[in-house]
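Labels A, B, C and D are assigned to the chains in the order they are written; within every chain, residues are numbered from 1.
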Amino acid sequence: MSAYKSNSLFYEILVYLMLCIIGVSTLFPLLWMLATSLQDSNADISSLKSLIPEKLHWENYNTVFAETNFLRAFMNSTFVTLSVTVGQVFTSSLAAYAFARMKFFGRDQIFLGYLGTLMIPGAVTMIPTFIILRNLDCINSYSALILPGIFSAYGTFMLRQFFLALPKDLEEAAMIDGCNSWLIYIHVILPLSRNALITLFILTFMGSWKSFMWPLIVTHSSDLYTLPIALAKFKEMFGIQWSLLMAGSFIMILPMLIIFITGQKFFTKGITLGAVKG
Amino acid sequence: MSEVILNDVSKIYAGGVTAVDKINLQIKDKEFMVLVGPSGCGKSTTLRMIAGLEDISAGIAKIADRVINDVPPKNRDIAMVFQNYALYPHMSVYENMAFGLKLHKISKNDIDRRVREAAEILSMQNYLDRKPKALSGGQRQRVALGRAIVRKPSVFLFDEPLSNLDAKMRVQMRTEISKLHHRLETTMIYVTHDQTEAMTLGDRICVMKDGLIQQVDSPLNIYERPANVFVAGFIGTPPMNFIRGRLCGHKESFHFISDNGIDIPLPESWNVKLSSHAEKAAVFGIRPEDIGSEHAESVPDAPSLNCQIEVIEPMGSETYIYFNLGGSACIAKVDAHRRIKVGDSLKLPLLMSKAHLFDAETEKIIL
Amino acid sequence: MIRKKTIYENLTAWLYLLPNLSGFLLFSMIPVIFAVILSFFKWDVFNSPEFVGLQNFRNLLGWTYSDGQIIFNDPDFWKYLYNTLFLMMGIPLNMLAALCIAMLLNRKMKGISFFRTVFYLPSICAGVAVYMLWACLYNPEYGIINTVLGFVGIEGPGWLTEYEWSKPSLMLIELWAAMGGTNMLLYLAGLQGISEELYEAAEIDGASGFQKFWHITVPMLAPTNFFIFVMSVIGGFQGGFDAAFILTQGGPAGSTTTLSYYIYNHAFEWFNMGYAATISLVLFAIVMLVTIINWCFGGKNECV
Amino acid sequence: MFRNAKMRYKIGIILLLTAYISLGLYLVTSSSSYKAFQQRGKTDKIKLVMVVPAAQFSDKIYADTIREFEESNPDIEVEFQTVAGNYYQKLLVMIAGNISPDLMWMGQSFSEFADRGVFLDITDRIKKDPSINLDDYQQTVLSWYIRDAKIYALPFGTDIGFIVYNKDLFRKAGLPFPSDEWTFEEFLEAAKKLASAPGDGTPKSYGYQGKIDLGVFGAQIISHDGKQTILCSSPEMIKYFKTNMSMYKDWKVTPRPQENMMQGLDNYSYFAQGRTAMMQFYTWDLPFMQAKFGDMDWDIVSNPKVKQKAQWASSQAIVMSKYTRHPDEAWKLLKAFQSREFMVAMSYRGIPPNLRYAEDAVKQHTGKPEGYKKLLAMTSYLSPVPRVPHLQELMALYYNASEQIWAERTSPEEAMKKLEKEMRKRISESTVVKTGGDK
């Protein structure tokens, strides 16, 4: 017994040690960003010797706020990203539910179509998508930023895979209890695939928040700029001033960090625990 | 009135596999019907068709005189207890039980009353706020039962509800389900592969095999008058002993001569029924308790078997002895106090009034 | 005869599908069909496309045989395909690393939420900061890696500047970034869904740690695995490998240039939109083949 | 108890939803496209769209010019868009999507677009316009915009490559400052003296960073005379490669080309730290250099002469789209970018191609670099990027081949021979070579 215990303690320490070593390497970019963003704007950053700034230049952040229409871009990004994320999680989960749990004519063919579109690089579909949006009279508007992001084959595919792993008995129990397919979706599928939904939420949020090329192509007016576009402009202006650039990048990643931290806190271990006996 | 009637009901899967083949079954109101059979016999499929979880490929199913083939499960006025419990893991015990009622738009007070009532029946009052993962297996099974009870359905469906419990809990829950049936007085359909459960619970038992109904009758009738070799062998532990052979003689006196030459004279009272089977291959069946029991010994001129004991299993109240009868393994249930040991040769009388004879070709009962 | 219920079931299913499918057809399917059609055309974007039949495919995939040597019509394509496939060899390792990290992070222990976040940071910070870090690590003169190698008497190579080392160096960056990234998150979500009871039951049956992993974790994660694999293959083929372009600009001598870069060049630098579509279609065919093989052999049992 | 929690949950959701919807409403109603939508038909102004890449300082100069133009032309409204990153891609999608801007900025990719007939022929307009005198322009630069005797654009700035040197390091090494007449031998001598070997833990420093331009060797990849003769396997090209290879292999005065890109993240810092005494920079770097080099003592000098004097060169222009619906108004606006004010204002990052304005620019120049006026002299020996159809594709082939050479995976002779073959093949395969204008 004691041998087992010391063994597991040793194991525990080993795990911590491993996590710490990898953790230091993954933490480094963030620290470097933060440190650089507080440097003097003409400081040399090409060697790591100057990692710790002599004086904290918080005014770099003021410059970012002053030189970009930061608040506007931030709100645009928030609005667009939230719309895309919520919309995508919603439509994807509905479609994934149909793909994972329903029998219908042409299901596998359509699903293969979903997979297929993922396999064509965006470079060649960008122009047709743009033309479609132009014909819908959407260019340079929020709909151009939001609409194409909502309908995602990626999200559908991902959620379908997770839904497939849910125990079928629960749905049958719900059917007997008086649920139609919609109520099953609401009361059984969604709560039980919480982790998957959170994951998709996090991934979509990151993707949409960072997205650069598409917003660049479809927006012209500065009051539609999302953060990456505003910061790219900022970068053109102050490209060689690393501290400013990093201050901008740091502000940019902060919301993603917050979303990730809160999102993964909602991860629930063994969400289907006690549902069925295997 | 909630009679369940199946008329020529079949289930054919997309691949062409027939799971259930044109079965006819009438389950009376307030009856406890047990569907029993080995796995893959179509019993669960039948239940799921009644529940509406599987489509009925052909035939008609009725609950309370209403054709339910195309009625969605929620409108069939049924409740079902699943083998795996299938509790909603994100809901508390209370919510699990209340969920179905809420969906049926029952008032909050009513829900509360019914849930507490059910909890009391199942003595789960103290666990209402718990989530399923904080319950033991037996408690989860109770919640699954409770979820069905609160609904007050006209038909209860049980899909092997006790198979995931340990032996002791299984016996306990069995009696509780039995009590529940008496208390609720509702039609119940119960699927199991365990013949003991079937015998102890059912008003009637429906024995199935390969998608076909073998026999429907009360437990005792099934035990005493099995319709064929399969039913005879499936019901009862230890199972009935079968000896293969042929029927010899004619009119006045018939003998059963086994393949390895054992000669069993058959009672005269059987003669009428045997006359049409003379000289045909047949299977002789007799239950272990009818070999060498006190009862058998008291009958004069009873035919007997000579055997050499291979294994002895004392069960306390009686003792099982295993022996080989020219290739076929046989079991006899004898008095526990009999002094015997392995290797002993015994002469065991047969209680012919309880013996059966089956047609070897059709496997149907002759007598 | 189609039964009423079947029709009803079909209708419901389509109703669920509709919100996504409508947008999907409009914004994904039509552009893809457009791209497929385009691969049979020569199109310089500004002037109307000119139908060339299979010419693009011949130019891309064809070869001639002369002087005992095979001469490809488009040697660059094969070179970049090779580069792409080479870099994709890291995928199984990346997946395994992500799974290991996910299993380490799928525990009850102090600071687990902190570790999850820290491991995910490379995905969040992706960009200059990350590449700066690696440029410093890999620096042949004063980089940490070569300094450490120097202590044990090995003269480290120019990791990113030597033809033979550039690809493995990039694969290492990719591994580092991927082990705690999206795949880890997906595995974590999948792992959290596995009921603890399964492990308990297996433990009672006397299963060892590896047996539990092999007989419970692996099959239970099969759908997740399929997803991650397919997406990794797609990502691998389409990967811009940003790292490559910031750190090595596709070099040295084109050793880290991938197909996606080639497609981008044809589409947006050289205005050969039709040819770009053709390359995409060939890529599509390869990825589809891999996916279908995986679908058929990898996990037939309901997981895909 | 749990009902309370549920209640709170519901209220939270409602609050979030309200916040989200009001945010959306605010953003949508305040966005300019929405306003434009509301005002549709209200204004009868002619609207011109102009797109340029975003760049430090220049955005403001464009905007000022446009504002003045709008003031003097009250019937025209200009929608001015600056694109940060992927400029050509955005432009391409806009044109393909049938919303081509009326005016656009064009740099090196001019030929690519012009060859596909994207631009409007402005020859007649120039001829009719008394305010434009083509003789004022630097003829080499002007010639880049002529296809089949038709002019498609007028440049407003010439980009030139030159060497920047660190005066302090020259002083320390006891070397005289380089002059524009210097030869390659002088250059090499200086570079060798300025390079230092690594030793005391500091990274080694170099005499020069960059390549010696192929123009000074008299080499050309493709002839500039419009005949598209492929010259890449000429002895001059081979010499160009061999000399540059010797620079890092034998003389060790420059870093290896692959190591170059490792510092590529921030060239300015690299030079400012004194880790190289001389470095190749371009006119567009000037504003950054002024900001980044601070108090450093530096100046510019032309490339050393090998066979001849030459400087790498390109140019920038504002071009009219063939698809513009208001060509007359667009022409008016285009002329605003040929004005003295604009060109001189832009001269901080490129010499005005209009030589009269260039002289003004030189006169007005103050501060660093002191040798700014040398740039004007350099315009007389430019070594331009060849302006040929499929330029980018051919150049990509060339870069691939030269990469192989720098990585020493093949000899210059072999690589260039192969390249010549490939270029020929590529040119002959390109059946759709359109030269401008009308289809």
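In this text, a residue touches a chain if its C-beta (ideal position, glycine included) is under 8 Å from a C-beta of that chain, and two chains touch if they have at least 3 such contacts.
None of the values given here were measured: they were computed from a predicted structure.
Under the contact definition, chain A and chain D share the contacting chains C. In terms of C-beta pairs in contact, the better-connected of the chain pairs B-C and A-B is A-B. Once the centre of each chain is set as its mean CA position, chain A and chain B turn out to be 55 Å apart.
Measuring from the averaged C-alpha position of chain A to that of chain C gives a distance of 17 Å. As a whole-number value, the distance joining the C-alpha centres of chain C and chain D reads 34 Å. Not a single residue in chain B touches at least two other chains. Residue positions of chain A touching 2 or more other chains, listed in rising order: 45, 126-127, 270-275, 277-278.
Residue positions of chain D touching 2 or more other chains: 89, 92, 96, 265. Pairwise chain contacts present here: A-B, A-C, A-D, B-C, C-D [touch as defined].
The touching residues of chain C, when paired with chain D in their complex, are 42, 44-47, 50, 59, 76, 128, 131-132, 135, 139-142, 158, 160-163, 246-249, 251-254, 265, 268-272.
If you check the complex, the residues on chain D that touch chain A are 20, 23-24, 26-28, 30-34, 49, 53-56, 59, 79, 81-86, 89-90, 92-93, 96-99, 263, 265-266, 268-270, 272-273, 288, 291-292, 294. In the complex of the two chains, the chain C residues touching chain B come out as 4-5. Contact residues on chain B toward chain C in their complex (touch as defined above): 55, 70. Remark: chain A residues 167, 169-170, 172-180, 183, 187-188, 191-192, 270-278 touch chain B in the complex.
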